[in-house]
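Lettered A, B, C, D, E and F in written order, each chain numbered from 1.
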Amino acid sequence: MEILDAIQANLLSPAVLFFALGLIAALTKSDLKFPEPLYLGLTIYLLIAIGFKGGVAIAEVGLGKVWLPALAAMVLGALIPLWTYPVLRFGGKLSAVDAAAIAAHYGSVSAVTFIAATNYLKAINQPFESYATAFLAVMESPAILVGVVLGKLATKKSGEASGASLKQAMHEALFGRSIFLLVGALVVGALCGEAGMKKVEPFFVTPFQGVLALFLLEMGIVAGRRLGDLRKVGPFLLAFGIILPLVNGALGVWFGKLTGLELGGATLLGVLSASASYIAAPAAIRMSLPDANPTLYLTSSLAITFPFNITLGIPLYLEIARKLYS
Amino acid sequence: MTTHAMKLVTIVCEAYAKAVVTKLLRDIGAHGYTLFAVEGDGSRGRREADIPEFTNIQVEVIVPPEVATALLTRLEKEFFPCYGMIAFESDVRVLRPNKF
Amino acid sequence: MEILDAIQANLLSPAVLFFALGLIAALTKSDLKFPEPLYLGLTIYLLIAIGFKGGVAIAEVGLGKVWLPALAAMVLGALIPLWTYPVLRFGGKLSAVDAAAIAAHYGSVSAVTFIAATNYLKAINQPFESYATAFLAVMESPAILVGVVLGKLATKKSGEASGASLKQAMHEALFGRSIFLLVGALVVGALCGEAGMKKVEPFFVTPFQGVLALFLLEMGIVAGRRLGDLRKVGPFLLAFGIILPLVNGALGVWFGKLTGLELGGATLLGVLSASASYIAAPAAIRMSLPDANPTLYLTSSLAITFPFNITLGIPLYLEIARKLYS
Amino acid sequence: MTTHAMKLVTIVCEAYAKAVVTKLLRDIGAHGYTLFAVEGDGSRGRREADIPEFTNIQVEVIVPPEVATALLTRLEKEFFPCYGMIAFESDVRVLRPNKF
Amino acid sequence: MTTHAMKLVTIVCEAYAKAVVTKLLRDIGAHGYTLFAVEGDGSRGRREADIPEFTNIQVEVIVPPEVATALLTRLEKEFFPCYGMIAFESDVRVLRPNKF
Amino acid sequence: MEILDAIQANLLSPAVLFFALGLIAALTKSDLKFPEPLYLGLTIYLLIAIGFKGGVAIAEVGLGKVWLPALAAMVLGALIPLWTYPVLRFGGKLSAVDAAAIAAHYGSVSAVTFIAATNYLKAINQPFESYATAFLAVMESPAILVGVVLGKLATKKSGEASGASLKQAMHEALFGRSIFLLVGALVVGALCGEAGMKKVEPFFVTPFQGVLALFLLEMGIVAGRRLGDLRKVGPFLLAFGIILPLVNGALGVWFGKLTGLELGGATLLGVLSASASYIAAPAAIRMSLPDANPTLYLTSSLAITFPFNITLGIPLYLEIARKLYS
């Protein structure tokens, strides 16, 4: 009962409804789309806002409380591809390079999903550790590197056609726009502390939820354009894109509890584990494993897992956490 | 004023290929290039220009004929199989031949 | 006396002054202009904000109170071209296709004029029905369709050169960016209600007036660029662009009263009737009636009627409403 | 590497014509196109790039010579009278002739 | 449909030169031009497209052959020494020769 | 002691830290950059916000209090190139045209530095005259004109290659985007007064500090890209770019005191004198003195003086003012 109420509350939030509106825009072939600089501007804003807030939180509690769960997050991110790969390779009969590519996406994370989850927790007055943004920051890259290594081992081609080297992928994964902004804002926030927060709060905190709603409209459009590819990816990936997040989400919650997080923080670690990257991972994978089929990894992460998490997943991971913590 | 024959090679490709394509241009000896974001439609479907990572770019590079041939050869062999792209060359006349 | 004070108050509001600044920028050939994505971003923001607020208002009062005046708005929009057309055709000696095109513009509406009017009412503490946004949403398309039919009947050409079919024009009018955003945000707002509003208020409501002022600066630039075409359209259209809005404005107020609106809502219906479209209508008309001369319809709606309404029209329509309601 | 002769048709037109022009390209058999917003000046005055509806777009399409002729013929007859636009063709050489 | 030979002159230059270049085009008798912002790399280093004043623009202008020659001559003499820019001409065919 | 604390407080403010983050982004060759329309949008916002606020302040105190220090600011701006030129020409052994170009930049002003200074004063609760924005507005152009005249006299070339005429430079300096926005918003603010301010405050004032922090991130990227050119400009310009601002800053403070400003306003006049233009001046100089080497004037104003002022300069000029006023 309760869980249905929670899901309904989430579905009727402005953020999720605007996401749905974006899906509809794409499906009805409305000419609505955000111009690239607006999309980029919103991304920059959201990443800095969430990073800065996380940094301020770290300054408050001290690194001592953060390092263990952050390490757990990194390890979890690096491990997820290791069981995801065989599931795809042998369960889904995908080629080695496609399995490695998809595994990288599901080990990595979606910042927007994380942000939507913090929003949801706030809306239902569920407290959470603000410094959880640190987990987001450290969890983006490891899986990408593991996935690239898996894919390179599997293909062993040489020459330009085999794509950029592992080193280049590492640079992309570590210095790409999103991770740079997130980590940078985190450090800035940690250096500023509360005094700095007070100055920028009316811009980075107060209007945040509204900006997120606006942004999810565009994400709905982008995800909606990929819905047509659902036929191409087949029923296996469709099921995979929903079941794997549930498994990983539960695992993430459990890791969170093990490493001493509260209910809210564990939920967020669950959300991160469950989420799949659709910006950083594709960019690195496209460069490093150009033979992998983008339709497969983009459709599953962007058109299946992302909408699932935004709508149903987030309340479910919280419910799992509640069960585990009760 | 005397003009000199050069080749303009134009590449339209998915934005993901930006780093590898511009690296190729440097490797092959081009002295510069020009680049901008474009929308496109082709065999791999429409590519809207709203997310930088999912968009197309158009790269234009002026090179001597032999470099153009080398460039197109490598594009055909190494890039066409992996990336959504088209490439074509055309004749142009420039003023300072040693600049290119 | 009172009306002069009201006009002065409007002229000295930031929104109108920034509009004037934009006009000056265009006239002095300053290189100031907003980049396209900024213009688009502001449009998206304004339409969503006004739509969302309207939707929340509908959720509060219920559809029962909204449907009758909304129907009246639609009917009014569809009818306006029917008397505007002969005025232009026979009074102004315009060609049939030009008369039809201009008629479509004046039956349709300008969202920015509407938004400026709500802003004005708020500034002078004149209460109004927030759900009036619904009238804006339903009033954009009917006149465009009527105008296209009038124009098609008048020209009866065939082949590509005759422009897109009525069906395409209908699609453009019903699924174009602005109407999609407006109706979409209205529905989202109606589904969210007050609970949703609380979340996004600091972004969509609090800074709204400032954003509008910024946007009107760009609209001033755009309108100002067209001022040079005033010579081309001649004195008839100049008079038409001011007198017709006054007539339609009064009619709109009266329709509002008939259908049970309060003073504020009736004023807004008057503003809508008086306003002329310069985004949605031109896009549809350019496609469907390519033979119509854009200089005529763009100059009259954008360089005559729009500035007139923004500066003098809005306080005048309120005054008319006051007379009618006293 | 062998290159094949094709025509590049470039159209610069008011943004309002986007839908009808891209529809024409599909109708006439083009397999793709590339498109971006541009500023312009011409017989119909300056067109600034600040309102998407009032701007210009540049459309580039690579087609076989006979398709280029058909395209230009229809543009001249059906589009030039209504829309602010220019169109021109030039010779290019591509790698995969059957792609175009 | 008959097409007529014209020259397309393409100029890629730093944005600071926009005013003087478009003025030159008018002075030399061009009836219009098309223009857009681009990123570029060349002998004067990378030019990113994030600050309008520090970016590159690409200007395209269609003119009769003799005007193209005059244009390139003046560019070479008066502009190349001061501004970061390249310019090249190519052959195009247009439909309405007196428009250009 | 105190001054070190002040500098530390400034260095740990979000604005300066985000600027440093931008420098790091450029140095690590991260692909982070703001799209041009976002940069432009932020500029427009900041200039309007600061101009509008200044205008409201003028409306309050009346022009009578403003004209004298504003005149002093203009005169100071026009004079600075006159002693900067010989320093560069004979001290630095630069060519005449380069010396004139750089002199123009240092006589003109950087709006962002001014804005950062007002922010700093606000953060440490140091009151200042809000109408100081007027000094910013009048101080941008005079030095550019003086510099262009100096350069033209020095080169005396003819033909197109000698660049645009003084008249064109004047137009550029007087009607360029930034000055138009600043003066325009100032006038709008003066006409609106407090009543108008109340309407747009939540947009133009409340989130201002956060927007500035975001903007300085991009400015850090832009300045950082120029750091590589430091080698090219040599040790003389490096020293010049730090010492000259200190001298001019002290002079500005003193002029401020002479013309009756309070401590805060005098500090701001010092900041303006110390700051160097990197947008308006380069645009005008590139057109009028195309033979001058942009690497020299852009690197010194953008990569030396701007970062110096943002980090150390502002607290120093305040300290100088404190000494002078105690």
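The criterion applied here is as follows: contacts are C-beta pairs under 8 Å (C-beta built on N, C-alpha and C of every residue); 3 or more make two chains touch, one makes a residue touch a chain.
What you see is a predicted model; the values in this text were computed from it and never measured.
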Neighbouring chains shared between subunit A and subunit E, ordered by label: B, F
Of all other chains, the one whose Cα centre sits farthest from subunit F: D
Centroid comparison with subunit B (C-alpha atoms), farthest chain: C
Between subunit E and subunit B, distance of the C-alpha-averaged centres to the nearest whole Å: 19
Centre-to-centre distance between subunit F and subunit E (centres being mean Cα positions), rounded to whole Å: 33
Cα-centroid distance, subunit C relative to subunit E, in whole angstrom: 40
Cα-centroid distance, subunit D relative to subunit F, in whole angstrom: 45
Of all residues in subunit E, the ones touching two or more other chains: 36-37, 49, 90-91
Touching two or more other chains - residue numbers and ranges from subunit F: 34-38, 40-41, 206-207
Chains that touch, pairwise: A-B, A-C, A-F, B-D, B-E, C-D, C-F, D-E, E-F
Interface residues, subunit A side, partner subunit C - complex: 12-14, 17-18, 21, 24-25, 28-32, 34-38, 41, 123, 206-211, 213-214, 217
Subunit B partner contacts - residues on subunit A that touch it in the complex: 33-36, 39-40, 159-161, 163-164, 168, 218, 221-222, 225, 279, 282-283, 286-287, 290-291
In the complex, subunit A residues that touch subunit F: 35-38, 40-41, 44-45, 48, 52, 175-177, 180-181, 184-185, 187-188, 191-192, 195-196, 199-204, 206-207
For the subunit E and subunit B complex, residues of the former touching the latter: 10, 12, 36-43, 49, 56, 58, 69, 72-73, 75-76, 80, 86-91
Residues on subunit D engaged by subunit B in the complex (per definition of touch): 1, 3, 6, 8, 22, 31-36, 62, 90-96, 99
